[in-house]
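These notes are about the structure you will find just below.
Think of it as A, B, C and D in the order they're written, each chain with its own count starting at 1.
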Amino acid sequence: AFASFSLPLIAAQKAADFTANLPESMRQAGKPFSNYGQPSPYEKDIIRWIAANQDMPGNGVSWSPLHELQGTITPNGLHYERHHNGVPDIDPATHQLLIDGLVEQPLSFSIETLKRYPQTSRICFIECGGNSNSGWRNIPIQSSAGYAHGLVSNAEWTGVPLSYLLQEAGIKPEAKWVIAEAADGASLNISIPIEKLLDDAILALYQNGERLRPENGYPLRLVLPGWEGIVNVKWLRQLRLTDTPVMSRDETAQYTDLMPDGSARQFSFIMDAKSLITSPSLGMHLSDNPGIYQVTGLAWSGRGKITRVEVSDDSGESWLDAELQEPILDKAFTRFNLPWQWQGQYAVLQSRATDDSGYVQPSREALVANRGTDGFFHYNAIVSWEVTEEGDINHVYPF
Amino acid sequence: AFASFSLPLIAAQKAADFTANLPESMRQAGKPFSNYGQPSPYEKDIIRWIAANQDMPGNGVSWSPLHELQGTITPNGLHYERHHNGVPDIDPATHQLLIDGLVEQPLSFSIETLKRYPQTSRICFIECGGNSNSGWRNIPIQSSAGYAHGLVSNAEWTGVPLSYLLQEAGIKPEAKWVIAEAADGASLNISIPIEKLLDDAILALYQNGERLRPENGYPLRLVLPGWEGIVNVKWLRQLRLTDTPVMSRDETAQYTDLMPDGSARQFSFIMDAKSLITSPSLGMHLSDNPGIYQVTGLAWSGRGKITRVEVSDDSGESWLDAELQEPILDKAFTRFNLPWQWQGQYAVLQSRATDDSGYVQPSREALVANRGTDGFFHYNAIVSWEVTEEGDINHVYPF
Amino acid sequence: IPTTYAQPLYQPLGQKADTLSSKPEWNLTIFPDGRGLPQGAGDAAQGKKIFTQHCVACHGFDAIGASAMPLVGEVGSLTSEYPEKTVNSYWPYATTLFDYIRRSMPPSSPYSLSSNEIYALCAYILSQDGIIESGVELNEVTLPQVTMPNRDGFSVIHQQ
Amino acid sequence: IPTTYAQPLYQPLGQKADTLSSKPEWNLTIFPDGRGLPQGAGDAAQGKKIFTQHCVACHGFDAIGASAMPLVGEVGSLTSEYPEKTVNSYWPYATTLFDYIRRSMPPSSPYSLSSNEIYALCAYILSQDGIIESGVELNEVTLPQVTMPNRDGFSVIHQQ
């Protein structure tokens, strides 16, 4: 390397020998800084799974890969998506929010104006009313945990408590509902009871610290903690106060739950308690037999805090309490953990969540007995992962 | 539009008229789903600000734009960076962690192996020991809040409690220090007291739910809640237990704090309590006079929880308690909020944090009296934003 | 200082929007009682032509479904083993059809159809299952008068 | 089930790594007492040549700083108004210099210098301020014996 310089050959060679054993990464400069970071190229398969209509590519869903994630926050790039006609391109400089209808004074707000109001944050989940709907099928779907149940994500949402703006407009006593309308290619409209909006609704501007992502409502999203995704209206442009709901397509034709008697439950806003073992889960393999595996997963409830998650390895014959990771937040993902000693036996792993309203996540048997198999929405039954004696994991209905 | 069909012209025209007034986004399909989402193009200026060595582009920092963020989570793309020789490219399939030195049995672990251990999460800040070091200068720097103080970020880190692995290797009684070494182009090495590693150290695999970002240590990072960034070793390859510290360059030449008497404080690990008003802050303009502005900012302490943040608008003559946003977590960002009525007067806005150890963030005067102006590291004095009568905001030293 | 701080305290910054609020582009929502419906008219024969041009590609000939769901048929199927929720079998209000088609369909160009065209499409869809007679003209007066088969099929479970 | 669950419970999955642990590439760290130093030797004259070829571009002629910081000079400046923390004015141990150069410098190719070259660079830098005589050969025995001017300048503030 350095021609005009000579010293004992042994030492020089020795050095060359061992440095060749160092990883490349230690023998060269790394990549420079970046203005906005991206995931590692080695994790390029950790993605949202897209299922969209073939003729209408903006209509469908993309699932969060919950089986590949840890902790409780869903990073913005992997927050689930549900769009009715794609992700609109909305210039925040021209976007307006109109609050009108049964108010003393119709008011409009620019995004810059909204930033002047007091803001609040809360970490909470948003779950599509149609999440896990493959569970209604007669045959258990063989998709990864996230790609069957990942129409739910958990983020820190920050924005203006909507109550301030409603009070500013002045709520007329007749106002019972508010029709929210989006500025997307579906002009999505939906009716929301005004008391929820006065309770804990946030006009979200930020998602996990930064401005909303386009697919999550940029520049403005209504966040209704614990309520189904459809009413967490993205790309919000209008809130019209009314005495009755509008009976829009997405509160009649869709997002209503058909019952066995042919009637349908309407305005089923609250997402009931649910849990899911994310690991070990379908598609993973238990390599050691016997071996200890860390059973981990997520639990959440639209009614409040998770108070308990039980885990079973024998189809629900017996249950053991999992550890709940702190902090346990209201209407937010709660991670549970429980080590599991596998002896090579056939096993069925299940988790069961309880929330602070006392609600207990039902078995699939109980859910189907109560609601039939054509409800399509609000599937929150216990999920069962079968572990074969070979250590392979499948989705089963144990009953 | 439909040639063979004719109906009253008036109605058709009417419809055309109003639909032309609808935003484009409502009159066309939006963009399709994405496997991994990106920020809105309208927010392309919300970036980390890079300052690197001209001849060594991987040596330097990039600041989180704290003045543009809200809530408490720093999204992964905007987590601050400090690299000593760039971001290494490390294949997780071949990466190993070696634990050796004063142990009963040297052990190595692959990344896949580490995923088999119990994991835990915690939301905590990581702050570079050199954050805010422009504060030591005689002249107050005129950079945005984040671009002067944004070598700190807050994320949910998930991974294996290091104590499990140390116990597995078996700690010899003589072991007092652990030398952590990175697999980057600087082979960064640094000594850490073993009791911290046994206390709350996490071998982080995940950051805000997803696998670590390359610039934040992929595939493996040591997270030491509340301790300065340099010991939160990224790209971790080795932990060697020893009886003494190594006296490496980054614990002697750097990350030691020169005192006025010429001596230097060494092993100054804990980041003391600090706070920062992120809005209104330098570069922003108060448009309404008089007007109400929401003073908001972040507070954090390496010793524990933030118990109080006071705000002053008169250079610290008088203080008022700001509201602390829940949940208030140990060694994590805590957002504070306080509405402020500006009457057009000259004002100096300041925030002052107190933590649950009783530590109170010092004034710059007190900090400099205690530590001089050549300490370079651990600058945590109160930050002062001057509001002119025109509503412009500058950085000032009020004393 | 205590006099200048309070919680919560903020400036009311909303712009008076009476004019905005009265504009048609901010009055898109149509109610079951007909509020919000624009002037116009159309019948099933007209609707069939429009449907063929703009809708068949996705909803199929005769609107019985293709890449998009069927819109007609299956009336009375809701208690069967394979219930099918079409417009005609499931939707409680006909006004919703106008509201939804105008704002959402066809997906590539919402709001591109005239009011007449949309009334005609509603007439075409509803007449397929005899909910209206095939010759009936639908307009802003008659559309809200249509009684859908599943009008009483919904039970509100949200407790106010 | 209670017998198969416990908290915390995990499999010890570490691989025995005695061989790995003894390999030079896993023994990079050099201690103040000389532990970890490889065989080799070099003097200031040799070091100056190497420095000129590999280091001057960033650290400047005579190592007094350019785009990268000065490495020499300013001994005794630590109590002055403008203290300068160079290797010679600030660093407590000479062994750190070998350790750091080997692992980090030059930045484009760490570990590219031989042990002899690194001893020579240490000798060059230290001799600039007379910390060692200019003719002295540094090697794995003599380098740890060098007493740095600021050897006692540090106070440990972490309480164990």
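Going forward, a residue touches a chain if its C-beta (ideal position, glycine included) is under 8 Å from a C-beta of that chain, and two chains touch if they have at least 3 such contacts.
The shown structure was predicted, so the numbers you read here are calculated from the model rather than taken from an experiment.
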item: Between subunit A and subunit D, the fewest steps along chains that touch one another; value: 1
item: Gap in Å, rounded to a whole number, between the CA centres of subunit D and subunit B; value: 29
item: Rounded Å distance between subunit B and subunit C, as computed from the means of their C-alpha atoms; value: 49
item: Interchain centroid distance [CA atoms averaged], subunit C/subunit D, Å; value: 75
item: Per-residue overlap in subunit B, given as positions that touch at least 2 other chains; value: 26-29, 56, 58, 85, 116-118, 185, 187, 292, 294, 339
item: Shared interface positions of subunit C, touching two or more other chains; value: 8-11, 103, 107, 110
item: Chain contact topology (line, ring, star, complete or other); value: other
item: Which pairs of chains touch, using the document's own definition; value: A-B, A-C, A-D, B-C, B-D
item: Subunit B-touching residues of subunit D, taken from the complex the two chains share; value: 8-18, 20-21, 26, 28-32, 57-58, 67-68, 78-79, 83, 85, 87, 90-93, 95-96, 99-100, 103-104, 107, 110, 153-158, 160
item: Subunit D-touching residues of subunit B, taken from the complex the two chains share; value: 53-56, 58-59, 84-85, 96, 98-100, 105-109, 113, 116-118, 164-165, 168-169, 176, 179, 181, 185-187, 189, 193, 195, 238, 240, 242, 244, 246-249, 252-253, 256, 258, 260-269, 374
item: Complex contacts: residues of subunit D adjacent to subunit A; value: 1-2, 4-11, 23-25, 38-42, 46, 49-50, 53, 103, 107-117, 120
item: List of subunit B residues in touch with subunit C within their complex; value: 1-2, 4-5, 7-8, 10-12, 14-19, 21-22, 26-29, 288, 291-292, 294, 312-314, 318-320, 323, 338-341, 343
item: In the complex with subunit A, residue positions of subunit B that touch it; value: 23-40, 42-43, 46-50, 52, 56-58, 60-62, 68-79, 81, 83, 85-95, 116-121, 155-158, 183-185, 187, 205-206, 208-216, 218-219, 235, 292-294, 296, 325, 327, 329, 335, 337, 339
